[in-house]
Each structure stands twice: as structure tokens, then as C-alpha cells.
Amino acid sequence: MQDVVNQVINTSFGWGWPSWAIALIGYLIVAALLFGIAPFQMLFLTLYERRAIARMQDRIGPNRVGPEGMFQPLADGVKIFTKEDIVPTAADQWVHFIAPCVVVAPTMFMFAVLPWGPGMVPVDMNLGLLFFFAISSVSAVGLMMAGWASSNKFALVGAMRAVAQMVSYEIPAVLSLLAIVLVTGSLSIVELINYQGGLFISTRDVASVPDWGLGWFIFSPVGFLAFIAFFIAALAEGERTPFDIPEADSEIVAGYMTEYSGMKFGLFYLAQYVLNFLLCAITSIIFFGGWQGPGVGWLYAQAITPVNPQGGWVFNVLAGVLGVFYFLTKTYGFFFVMVWIRGAYARLRIDQLMDFGWKFLIPLTLVNIFSAAIWVGLTKWGAADGLAFVEGWSPLVRWAAAFGVTLALNLGAYLFLARIFAQSQDERARQDDDVLEQLTNVA
Amino acid sequence: MALILLRRPYGWEPMDLLIQIIFGLLAALIIGAAMMVVTVRNVIHAALWLIASFFAVAALYLTLEAEFIAIVQVLVYVGAISILILFAIMLTRSSEGERLLTKHWWAAALISLGLFGAVLLPTLIGHTWNIPLPTGPVDAPETLSGVEDIGRGFVNEFVIHFEVAGILLTVALIGAIVIAFEERSRRRRVLTLSEEHILRQRQQATAERVSAVADAAD
Amino acid sequence: MTTETQHGSVIVMDRRRGKLRAGQGLLQGLRVVWDHWAGSFRKNDNFSKIHGTFTVEYPEERLPMPQAYRNMPVLLFDDESGHELCTGCYQCQRICPPQVIHITQAKDPVTGKMVPAATEFIIEYDACMSCGFCAEVCPFDSIKMDHVYELSTANRASLTMRKAQLNRSISYYTGIAPGLWAEVQAGAMKKLQGSIKRRPDVIGLAASLTEKIKARRLELAAAAAAAPAAAAVSAPAAPAAPAAKLTPEEKAAKLAAMKAANANKGAAPAPAEAPVALSPADAKAAKLAAIKAANANKGAAPAPAEAPVALSPADAKAAKLAAIKAANAAKQAEAAPVSVETAVATAPLDAKAARLAAIKAANAAKLAAEQGNNE
């Protein structure tokens, strides 16, 4: 963005503005664009979700306002804006007021490191991935504030649940990402995407593989297990069914949002959908290559980049459009999967949620980190790192060996843990039965 | 780790001014929030001010280009520690407290000021003021990668500390999982509705059996 | 898999139960939802399958209402004659639980007597609960339950329906509930004919049918013109004259005519079985004659009291003829049961009564004729 602004102001108009002003203008434009896009596409995500879930339930969904219900979200928006804003007298006015902002702000922050296409990232941060998850954990504070300030028991219980859930599912999410970070050796999201060129096998693992932009992590056993664990954790993080315990409307009204109305409620809603979008986006970036896809890499190689200043700007546009298309397709695909899961599963109980997170996902991700270490060792290390026996193998053989070993390890771990988990569940049921039996005999 | 460098990416004076203004604002926020933490009467509010202070400190790290530290500050302090504090406060006691001041509060103030001075004074005395700022165009800024430097430090110089901390954390994690696997019957818990229903059915069945046996005895 | 039972087909889902590996159940759940999603792009219209959308997109498509669906009562009128079926009997008003029906009985403008029609009929739709009691209780099948359900309005007062708004033609009702109307049609139409006879002027005509009303007025004018005697007199018009008390004889004549009609009715089934039978046409003729006789008597009745020469000779003749015809019919009716051994026991009695009635009628008619002649 900055080079474009620089081009326009300093080269076309010849005003010779200082670089800090160029930087400021560039960042402001990007920020304004993102702040426009985020709520707008959130509106249409709600429509998307409603239509999709309706079809899964053999209904049609909202299709009255505009063609195919296109303007339904706008109508909803108008409604929510015109609603009265009610603050309970018993509420802590200021905290009640600030809480929605604290919830929304981090989700907007997270857009800062999200790459939309090749070379289209607001800030190419070295620690993008870490930033993303660090910032996402801030919204827990906002939820806590909302729950506490409402001075409502449902709200407080909802906030407690939300925070407990977010804190416990951050661990498997981060642990599963740790495996990927081990493999790529970088925390930069852009680097993560660049790693995923290739065809089934990443070009970074085996250099001779043609770069079709399909060397996604999902195709390796490490990445696959990490994907499953991460997506489940993302569902919990985004408070999606079956992990929508914090706002379980049949139990605690609307959780921490109970005492909010009007646009403050709308802000929570916005934060939730934007967070869901971001989680889908990050899933598609980490495991499905983000904008990587057939053709994008080649187009971008012809474009004007710092590496290749002699490119054609047409290729910039083409690569950008194709890259954004791939990225959004994958992202909305994952949002569809979220809706699909919502259509399929019932809500978990809080103890089932904790059981699943702590007893199944975390051990599984721990094993996965081990697999990732093996993968890195078998594909990258040599005699210098103390792994002399792989030295003579060709890259493809090394990749195959890594694939086989990690596949066996992950599959074995999955089956073993699933059995242990099932046994513990059975055991628990048996013990519950025993408790009842004892109570029966006492009476 | 050259964290303290006020790097000037574009070699332009207003950038320095901007960063100094931001620094001033952040410092004011940190100090103000910290003051609020100790003066505000509502404990929850105090915790929230503390979070604000943590966040401002993270921003301060960012101005120092210590991205990793800043992000870890957010992740650990804002995302985890503060939540822990909030949980602890909410689960333990009522949030409004009396302001408790001893008669000898001035003694406490004096002692803490003295200790602070004891730390600060040598620094102030030994400091050389007015270091001339580097002039002229800045050469290509050295690549700063906080993570890599920290990582190298961990596996070279501080490998023992790192290993010990790593083992401790893993043990804590596994311990948490083991505790989660603890037998349920040891815990007291409330029966769910369905369990109560089953219990009632069983009790009825038992009662009927007993009465049937009694009838047979007659 | 569907299983046919005597109540219809029962769909049994194959839940693919069996030995499940870890996580397989979750995938099966996803599969089920996917099938529904993939199947939802076509419409499921016969409800025998579980896939496909079931949505009826309401304003564009509507489900056909069952005949017995009921929402809001309406009043029926006959398309051909334009007469309303309602007689203003107040049955619906009495039974209405929320008491939203208000009726004003029609009165003859001349005599001030009740006429079997309602001048005003109000139903407060806003308070009506569509229980259908009024339609249930209506002896003339005049009030029926409509099928409309889009009554929302911004103005509550517009839901107070007057008679003009409540009127629906019978053809409309047969459109929405043909079966229900077929059940009651014969009785209702017969009762309507009875009511029409007792409705003077244009009372009881649906107000919206202006042509019908016009035609009826013309008819009435023609009828009035056809009575020159009445026109000749100083009195404005015969029907406008104040009603006089019926003489006992006239009363008797009327009664007799009715009885004769009844007798014929009673006798009618008999000939159907009998070898020597009264043809239906004859019976009809007899009935008609009796009615005519009665009418003639009615027409004659006010005349003697008011006008000196009221009854035209032609009328008197007709009355006489009618009486004779009635008598003949009665006689025939009497003959019928005798010839049939299987006739019911009550038949002779009826026949006797009929004969008596016929004679009385004849006498009365004769008397009336004589009176008319004398005058």
C-alpha cells in the first residue's frame, strides 16, 4: 500500500512528502478499508449462516428482503441501531459501557496481520501468529467485564463459562499451532503461506516438486492432526455450536450478553462473527495455504515486487484477485463447515467440554508436537545436527520416511487416546451408576 | 538484544517526536492506571485498571521494537494472569472493601520511598545525560528478530534454566490432565435431573420388591 | 425404507448402526446433515421423503384450505334471486360466545310486521373468535364460516363488518366448500323459497345487487299495474292499505290450503310404491293449487274490508279453480292409500284431513267469491 501511495503522491504529483507521512497515509487507508470490510462482511456472514443452516434443516431461510434475502442483514442492522439502549440500574455503568468495546477491539486488531493475497498483508509482522493469538485472548477480559458489570447472575455465569472455555481451549489451539511453527521454523504468517507452495509435498521439503500452490500442511500427518485439533479449538474459541456453552440460550438466556441491548448487543454480535471469520481465515491460512493455489505463485512471480521491479502491474492485479479468491473461498468454506457442525451436533455440557479439551485434545496435540519434531529432523536435519543416517537419502525418500513415521505415530496416538477417552467415559458412567445404586440402597 | 534502540526507520526527525509523544502518553497511562489500582475502592475496578496498565506496558515494549516481549506480555499478563486475578476476586469475596489505613501509614510511605530511592539514586548518579543522538542517515537497520535471539539464548547459554522451566511446565500440564482424569466418585456433586429420575425409579422398584417379599412372608 | 401399514406408509430410517470406530459416529452425524443440505435444493412436495425443502413460500404459494377450515363468519345470498338466506331469527346472536353478532330484524314498511329478513347484520370481526357456533346453529344455513385469514389492518374500526361487507354469494361458498354446501343445499334453498314469499318489496335482497333490486322493483310495479281495481280506487295502493283482520273463514281457508299441501306431501311417498299411483306432477299441481288458493284468499282478504270492489272476477275464478283442483287432488290423494295395501297406517288419516281441508278451502273460496261478487 505504501509504495502505491508513494508512487501517487511523490512520483505522479511530485509533492515530495516525507516518508513518515506516506507511511501514515498508507496505514490509515488500510485501516479504514479493513474497518469498513469487517462489519460489512460480518453482516453477510449472518445471512450466509442463516441460509445455510436453513437448508440443512430443509427450510429456505430469509429470502424476503431483496433478491434471495440479500438486504436482510441491512434490515437487521437498521433494527439494531434503532433499538433502545437499556442499562440496568444495578449495573456498573462504566464497565458495562466499555465491555463491548474491549470485546470488539481485539478482533479488529487481529486483521492487522491477516494476509489477503500475495503481498497483501497490512503488517508483515515477524510474530504474526503469536500476535494473532495473544490479541484474541484479550477479548476474554471484555467478556469478563460484560458479565460482571451487568450484575446479573446469568451474565456472570455466562462470562465465567466463556472465559473458562477460552482459557482451556487456547492451550490445544496454541499447541497444535506449535507443531506447524516447528515445521516452518517461523512465526510469520506470510512465511507460513510461502511454505505451502508445491504439489501435495511442500517445495520446502522436497525442492523438486512443481509449485502448484498445493503443498498445504493438511496433506501431512502432522498438519492434519493439528488441523483437527485446531479447528475444534477454534470452534470453542469462537463459541460456536457444539461449544456455545457461554451463551446457551436454553440455560442462561444469552450469557454475558443478557443485559445488553441495541447497538451494544450488536457489537458483541459483530465481535463474534468477525472472530469466527478470523478463525476460519487463520485455519485456511495455516493448513490450507491461504491464498496459495494453482496459478497464484506464477502470476505473482511476474508482478512488480521488491524482488522483481520489472514486472507488469497487470500481474499484480491478477495475482491479487486470484489469491483473494482462493483465500476467501477457503475461508467461507470453513465457515460453512462451522455451520454444518452447528447443524449436526448438540451442545456439550460444560464437564464434557472440559473433559474433551483436557483429556483428549491436549494429549493429542502434545503427541503431535513430538511428531512435528520427528518430521523436522527427518526432512531438514543432517549430519551437522547429529542425524547422520539420513544424509545419503534423497529428499523424496526423507519426506516419505517422515510421512510414514508421523502418520503411524499420530494414528496410533489417536486410536490409543480415543480408546482411553472412551474407557474413561464408560468408567465415569459406571461410577455414576454406582453412586445412584448406593443412594438407592441408603434410601 | 538491542531492545532499547529508538530505531528511526525513515531517518526523519518528526518520527522521533511522534514516538516521544506516544511514549509520554503511554507512560502517563501506565502511571495513572497503576495509581488507580491502589486508590480505587472497588477491587474489580482495581483489577481492570491493572489490566489497562499491563496493556500499556505491552504498548511501551512495542515502541521499543521488542515485539516478542510485547506480545508475550499481552498473551501472559492480559490474557492469562489478569483473568486469573479476576476469577480469584470474583470467586472469593465481595468486591467493595473498606479503605484500611493504619495510623502509621506515613512510616510505610517513608520506608517504601526510601527503598525506591535506594534503587533509583545510584542509577541517576551514574547516568551520563545528553548523549548526542546519532546524526546523519542511518544505515540499513540491523535485522532484529526477538524470537530467534531469545531461542538461541535459551538453547545455548540458558539451556539448563530452559530445560528446568520446560519440564516444570510440562509436568504442570500433565498434572492438570491427570487431575482431570481423577475418579469422579471422589468428588461431591449434585445429581442431574435425569439421574434423579433414575434414582427415583430405582427406589420405587426397591420399595416394591421389599413389599412383595413382605407379602410373600405373610 | 418405507413400510406400509394400514394407517399409511411409515418411514424407517436406516441409522447405519453397527460397530463404530472412534469418531465415526460424529462423521455419520455430519453425513446426515450433509444429505439434508444437498437434498434441499429441490422442493419436497409429496412429504413421502425426508429430503427436500418443506417450506411453503406463503404470499406466493398457499396451502389449499380444508373445506371445514373456518375463519370468520359470512352471510350467504342466492346468486339467482339475489335474496339473502338470513331470516333474522337471532339464533346466532344468542349463541355467540363473545357476543359480537348484532341483528336488526326487517319489518314490513306497510304492516309493521316482522319479515323473515335482516335489515342490518353486524359482526365485530375484531372480537370474533371463529368458533363457528353461529354457522353451526343457523337453521337457514345462511351464516357460514369463511376461509380468509389475512384480515390485519391498521384500523380496528374497519373490522366491524356490516351486512354489505358480510354478504357472499352461494357460488363463492361452493367454491371454498363444495362438499359442505352440497349437504345442506336442498334444505336451505327450500327454506329460502319460503322466506322469499314472505318478503314484500325488496326487503331481503342483497344490497350490493342493484340490478336485482331494480328488476324486483320493476316486477312489483308491474304487479301493481296489473291490479287496476286497486289503482282505480282513491286509496293509494292496495298493499299500502292498513291490514285488516282476517275473517275466521279466510283463516280457515289458509289453514286448509296448508293442510292440503301437507297432506299431499304425506301422500306423495305412497304413490311411489303403489301400482295405481298419483303421478308426482299431479301432486305438485295439487300443492301449487292449494298454495294458489291460499294466495288468492290472502289477496281477497284485505279487499272486502277496504275496497268496495277489490277482487277482480278473474281472481275469484282462479280461486275457485284452485279450490276445485285442490279438492280433486285431495280426493285423489285419498284414493291412493286405499288402493295400496302396503300404505302406512297414518295415510288414511292424512287423506281424511286433506279431504276435509280441501272441502273447507273450497267452501271458503266459494264464500270469498260470492262475497266478491256481491260487492
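Order as written gives the chain letters A, B and C; numbering starts at 1 within each chain.
In this text, a residue touches a chain if its C-beta (ideal position, glycine included) is under 8 Å from a C-beta of that chain, and two chains touch if they have at least 3 such contacts.
Every value quoted in this text rests on a predicted model; they were computed, and no experiment measured them.
Taken chain by chain, the contacts run in an open path, each chain touching the next and the two ends left apart. Of all chains displayed, A has the C-alpha centre closest to the centre of the whole protein C-alpha set. Centroid distances from chain C, each centroid being the mean of CA atoms, peak for B. Taking the mean of the C-alpha atoms as each chain's centre, chain A and chain C sit 73 Å apart. Remark: chain B and chain C have CA centroids separated by 87 Å (rounded to whole angstrom). Chain centres here are Cα averages; for chain A and chain B they lie 23 Å apart. Counting partners per residue, chain B has no residue that reaches two or more other chains. Looking at chain C, one finds that none of its residues touch two or more other chains. Within the complex, the chain B residues that touch chain A are 10, 12, 14-15, 18, 42, 44-45, 48, 51, 55, 67-68, 71-72, 74-75, 78-80, 82-83, 86-87, 90, 145-147, 173, 176-177, 180-181, 183-185, 191, 195, 198-199, 202-203, 206. The residues of chain C lying in touch with chain A in their complex are 22-23, 26, 29-30, 32-34, 36-37, 39-41, 44, 50-55, 57. Those residues of chain A that touch chain C in the shared complex are 52, 55-60, 63, 340-341, 343-345, 414-415, 418-419, 421-422.
Partner chain B is touched in their complex by these residues of chain A: 18-20, 23, 92, 95, 125-127, 130-131, 133-135, 137-138, 140-141, 144-145, 148, 156, 160, 163, 167, 170-171, 187, 354-355, 358-359, 362-363, 366, 424, 428, 431-432, 434-437, 439-441, 443.
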